[in-house]
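Working notes for the structure below.
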Amino acid sequence: MWSENVHERQDEEVRAVYPDGIHEAIAAGLREHLGEQAVVRTATLDQPEHGLTDEVLESTDVLTWWGHLAHDRVSDVVVDRVHRRVLNGMGLVVLHSGHESKIFRRLMGTTCALLWREADDREVVWTVNPAHPIAAGVPHPFVIPRQEMYGEFFDIPQPDELVFISSFTGGEVFRSGCCYTRGWGRVFYFSPGHESFPVYYQPEVRRIIANGVRWAYSTNAQRSQTYKPTPLSAGWYERRADEQA
Amino acid sequence: MWSENVHERQDEEVRAVYPDGIHEAIAAGLREHLGEQAVVRTATLDQPEHGLTDEVLESTDVLTWWGHLAHDRVSDVVVDRVHRRVLNGMGLVVLHSGHESKIFRRLMGTTCALLWREADDREVVWTVNPAHPIAAGVPHPFVIPRQEMYGEFFDIPQPDELVFISSFTGGEVFRSGCCYTRGWGRVFYFSPGHESFPVYYQPEVRRIIANGVRWAYSTNAQRSQTYKPTPLSAGWYERRADEQA
Amino acid sequence: MWSENVHERQDEEVRAVYPDGIHEAIAAGLREHLGEQAVVRTATLDQPEHGLTDEVLESTDVLTWWGHLAHDRVSDVVVDRVHRRVLNGMGLVVLHSGHESKIFRRLMGTTCALLWREADDREVVWTVNPAHPIAAGVPHPFVIPRQEMYGEFFDIPQPDELVFISSFTGGEVFRSGCCYTRGWGRVFYFSPGHESFPVYYQPEVRRIIANGVRWAYSTNAQRSQTYKPTPLSAGWYERRADEQA
Amino acid sequence: MWSENVHERQDEEVRAVYPDGIHEAIAAGLREHLGEQAVVRTATLDQPEHGLTDEVLESTDVLTWWGHLAHDRVSDVVVDRVHRRVLNGMGLVVLHSGHESKIFRRLMGTTCALLWREADDREVVWTVNPAHPIAAGVPHPFVIPRQEMYGEFFDIPQPDELVFISSFTGGEVFRSGCCYTRGWGRVFYFSPGHESFPVYYQPEVRRIIANGVRWAYSTNAQRSQTYKPTPLSAGWYERRADEQA
């Protein structure tokens, strides 16, 4: 669980909602739902290399990302490293304002801009893919009493799988749960969650984030290096068939 | 433009809104937008073979479908025929309550059921794929002042391309513009439009339906028979290369 | 594991390859890979109701389907029942010539026709979605020494996720591993496997079918009835928020 | 039509095949198929700003891209500019070795690496989406007698629409025609075409590239600036409805 951890230290109002930081609230939700299945660690912006060294990433199956004010302070070296690791099989769960993080924009190839209004909206989250593992155990719909509005057009590639759509008090809609595959890695974007509202304590939200982590975890053999396929020479095929035999 | 034309004859209130039938209102919108590009004809349920003979279908590039009360009165023989024709390249634009028509359910393979409320909702239609030809010239968003509510979960396959999402006064959301490819044919479902409200006179709605017809029209060589591929025998490939040479 | 079990009883050559029936060979592969995770049962065409009574289906999480000669002998009542059950959450894995089964065509909405040649082709199976759980542990590529050719155009909807593409000796290609979501159910089509060749004993094939069963198994609450959403009345939303609170 | 135009000047063998440069061969094909519908211009790497100034891009509806040896010599400033222009509505057609261009990798978010063998393969191109406008008039299949092999795994996001799959003499397969939407822009990748073989003179290849340019051309209002949506304030919605009324 990575978070920039900036709001919480600058802003008393945020600290009142998340006294131990947003990352600890999310990590607590993951521990609650994943139990023995996972070891949950946290890392933040101000640690050396933002806490995301090669060693840490290599031993991370799924990285969860929260950022907002400090996207530009994340070093490009670390973004390159996380990007490579995702393409090689690490799952990535991007939350709320993480839509404008360098890593999410890098993976999407678009601006990831969206319409927004920081007010006091009621968000209703609807499941549009009830067969999807990320929707398991999620009531249809559920209500987040107070939330920042995120609206369309959300400038992302069409999701490989769209799981949730939200509406807001102002009549806006938003693709709030989006799944992507990139290389050997799986990416889940989930928009609910805000620094000023206690969204990350809400049971439905915690369940979805935990489901997202489970889904993004790949059981496939993961690559430890960037994919650089070896050119084939003639006859490779018969040789491989022999090896298999 | 096919319509069952039942409401309009049974119900004075509907007749007050669509005195010449819903099909004529939609056909007028198509003529307005497509002009010389298309010849627009209408057919209705009570005609022999519902007006959808083999000859009519063979000379139809895109069929637009409106039905509601009388889905079950559409004969299976005609549904089979339309189905075959779509798979062989005829476009199909399915409107509003047509979601439960036999032909749409046949093409989708699901129940196509949805949540609904016949009240007096305001629908807001948002474009989520601004590069799509069906979104050309459509304001983002636009408002339909009075409309029946259609909400998720809408039991359809995930659209190949999702173009519009709507919200309703009650906080519901709906995938209101959905594109599919089936065989040689293209299918567009568009939900706005209701028998009791003058939705089919609204300029944005007319434009979208016309855009949908243009998109569903395939310039590809169309098949006049169901796809039954000939088994290949060894060496077909060299023979074809010779023919091409 | 359902199979029509016709070839095996009519044709000595097939019996030589699959002495206990194709279904037993596939079931053995499932038992080998799923172990304690699953109870594997078999059913065949000649049983009462083809062995697919309501009780059997209600207690089945994932149904695997093999058929070829006798598609038309599967009763429509049973097809309706399986269809409903898939839309309500039962997984379905369709193998090889099952592409023309009533149930697969019903779920796809297309002819599901394809190009074919019964010869002695070598099939090479390539993974095009290495992050997908169905590709876990599958060598890239792997070779099936002798196989019937299945080629494009395969008249199916574009898969929600395409996992494998095969090539054949004659230069043909085929989308050989295709994932779909339909309602609450997940459907996996996998083409390798033929009655005259020992494909269902090959380790890679067995692993993929087991992976497919795992993927198609939904942990979501399953519906025991067809989805018929209740119309909403005004104010439903505030009431539900109250209940959640 | 943009090309790096490096091979042709360094290598006599390539010059023998494309005496006026690859870009002129492709441009000739576009002129042949698009006729009066389009003005076809060319630009190359060694021009100032690679011939891709703001003015040129603003007046370009669809950019076609060929590069191979000199991907790294394309300046990041120009890549940023092209990227922005695609997201704002310019179509992009990327050919063959352009899969490793900076602009394609930027838009995809993945490595875009692939398996390859420079030999003397026969490529067979199969249509898997016969309803798609890019497949219009394309024989199924067609053969390219001599071609470099490009094989899977091709590290790209799952295409929004997959139109062609190719096979090669060695049994490899490749997703050779892939459509994407990114922001307001549409991107088509087409792999056939190589500097040493006369592929860009082949009629089927020319038709597909022209079809791709037509498909990527968006009739939608294009954005001249990066998408930066204005935050909404409460009541925006009623005001907009008033304006529409």
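What to note about this one:
Labels for the chains are A, B, C and D, by order of writing; each one numbers its residues from 1.
FYI, a contact is a pair of C-beta atoms (placed from the backbone, for glycine too) under 8 Å apart; a residue touches a chain by one contact, two chains touch by 3 or more.
Just so it is clear, the structure is predicted and the values come from calculations on it, not from any experiment.
If you compare A-B with B-C, the chain pair joined by more contacting C-beta pairs is B-C. Because subunit A and subunit C share one sequence, their contact can be compared position by position; here over half of the interface residue numbers appear on both sides.
Ranked by separation of Cα centres from subunit C, the top chain is D.
Averaging Cα coordinates per chain places subunit A and subunit B 36 Å apart. Subunit B and subunit C have Cα centroids separated by 30 Å. Among the residues of subunit B, those touching two or more other chains are numbered 122, 124, 129-130, 141, 151, 153, 158, 160-161, 171-172, 181-183, 237.
Within the complex formed with subunit A, the residues of subunit C that make contact are 89, 122, 124, 129-133, 135-137, 139, 141-143, 145, 160-161, 181-186, 218-221, 237, 240-241, 244-245. Partner subunit C is touched in their complex by these residues of subunit B: 87, 106-111, 113-119, 149, 151, 153, 155, 157-158, 160, 170-172, 180-183, 226-234, 236-237.
Within the complex, the subunit B residues that touch subunit A are 122, 124, 126-130, 140-141, 151-154, 158, 161-162, 165-167, 171-173, 175.
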